[in-house]
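Read from first to last, the chains carry the letters A, B, C and D; within each, the first residue is number 1.
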Amino acid sequence: MLDSLDKDALARLCGKALFNHDSASAALGINIAEVTPGHATASMEVRPEMVNGLDICHGGLIFTLADTTFALACNSHNMVAYAMGCHIEYLRPALKGDHLTARATEMDRTRNTGSYVVSVANQDDKIIAVFHGRSSNRGQPLITHANLNEFMEDND
Amino acid sequence: MLDSLDKDALARLCGKALFNHDSASAALGINIAEVTPGHATASMEVRPEMVNGLDICHGGLIFTLADTTFALACNSHNMVAYAMGCHIEYLRPALKGDHLTARATEMDRTRNTGSYVVSVANQDDKIIAVFHGRSSNRGQPLITHANLNEFMEDND
Amino acid sequence: MLDSLDKDALARLCGKALFNHDSASAALGINIAEVTPGHATASMEVRPEMVNGLDICHGGLIFTLADTTFALACNSHNMVAYAMGCHIEYLRPALKGDHLTARATEMDRTRNTGSYVVSVANQDDKIIAVFHGRSSNRGQPLITHANLNEFMEDND
Amino acid sequence: MLDSLDKDALARLCGKALFNHDSASAALGINIAEVTPGHATASMEVRPEMVNGLDICHGGLIFTLADTTFALACNSHNMVAYAMGCHIEYLRPALKGDHLTARATEMDRTRNTGSYVVSVANQDDKIIAVFHGRSSNRGQPLITHANLNEFMEDND
């Protein structure tokens, strides 16, 4: 069953497996738009409780959106990957009500590490932040024959 | 009234002013332990909803604790300061129930920018993450004669 | 004369102006391959004196190649831009004799800052390093009517 | 012989071993001031060929000074350590003739990785740049009984 999945289907399933256990991302209302091998897109709306007194979104929440999208991309090859370090540059403020979309791209991957760039844009396609993530993996699969059913059933 | 405050009292008041408007930090249960000029200490407990399926704290939340502590330190001189960019390195996982303490130190500050290092340690004094923040300010005070009363009243 | 140049010609001229004064890059044998608005490509060969006892290129020199390419890209709009901060991730070692190519891409630019991603690849198109640069500009042109002739003459 | 060295003597010897093979640092005139376990101090003068047309030191060379000092600190435990990634923030320009001193401090170290902060100051004790380095080690000693004599002889 697992072996019959092509790379795109496996990437989607990895995203599902990861997100199932990520209550922090769910609490922020982050939605996965797409996961393909080495890539991911996710979005989040800036809700009233996410801003400070100036109606500007908290930087930690923009980071969390980017970080979640990075995690989806670096786990898309069905190898458990951890964040070793991240870097974020803020270019413009995100305001209350903004709809943010994060797009993660894999720059390259070696046997045990990978490098990812994530852009976060608002509804006007203006870049809010640029994020850079470094992943580490130890050769352990995310989805196995043992836990496959858990995610497939959810798929219905 | 504002002029009669010494630098330490002003730093504490700046922390209070900043935190008053930071509902995201409050929602995570972040507590300010201390704010002095150029320095800040804050703490957070890793609650069940902050972890993934492996009981490991979401990196975005560790970032948010560090980021909040950085904001307290770079706003402690009563000049509104924004985060321009941040960098975080994860050294060890934070687990459910861990009590995390972030300590921000100002490396140096020029007329319109500053550089801060934040360490995040667990209850065993092991470093979980090291964070680096770059701030920008545009010469605008955080607390003025006009808004001073708002924070002083809260002080009672 | 200056006004008659299109954006691509101006970008090339900016690259020339910047490189004319960059003796550090010249000493490393860095060559500009191309400068277009917001983009630049440059290359460098890993010479014997650039490596340590293990024949691995010094990380500072890979950084310098990426940094130079970033500078070409962020100055390509004929506005003097400075590096505020940079981040580099090393993915693979560069070896003696390797031919490295750095490609800088502008992620976005606001009125006074910009964000750039630079990839550094070897002759086998394997990514050696990923670099992220943040620029600052203060609205000052790089090439003016006064200094234009200096670079045009060199052009012959 | 190797076993009779205390940690400080071993750290100094590691610095010597590393520097012996670092022709790039030597070419820049970088001097080691001190290496102790987890710490290092090194200095460099900004020479005429290190500056651009505005007499400002090339950022890549400030990075290289910081990177060399980081390498000395992370290799001071007699375990070969590699740079995985680095981050630098520039706070002030370094000018021709400035005498720069870089000080590296180990934030913490796990079994296979470490985190280091390096400050770079000028002769007036103003911070020029703040650098953050992440190291990786694979459990291989830098100095062994086999190569010890090479460095001890140089010591005379």
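As a working rule, contacts are C-beta pairs under 8 Å (C-beta built on N, C-alpha and C of every residue); 3 or more make two chains touch, one makes a residue touch a chain.
Keep in mind that what you see is a predicted model, and the values were worked out from it rather than measured.
Of all chains, B has its CA centroid at the greatest distance from the CA centroid of chain C.
Between C-D and B-C, more contacting C-beta pairs join the chains of C-D. Chain C has its Cα centroid 36 Å from the Cα centroid of chain B.
Between the CA-based centres of chain B and chain D the separation comes to 30 Å, rounded to the whole angstrom. One inter-chain figure worth recording: chain C and chain D are separated by 25 Å, centre to centre, where each centre is the mean of the chain's CA atoms. Touching two or more other chains at once are residues 84-85, 87, 89, 113, 134 of chain A. Within the complex formed with chain C, the residues of chain B that make contact are 84-85, 87, 113, 134.
Residues of chain C touching chain A in their complex: 87, 89, 91-92, 107-108, 110, 113, 115, 117, 119, 126-127, 130, 132, 134.
Contact residues on chain B toward chain A in their complex (touch as defined above): 20-25, 27, 49-54, 58-61, 63-64, 67-68, 82-90.
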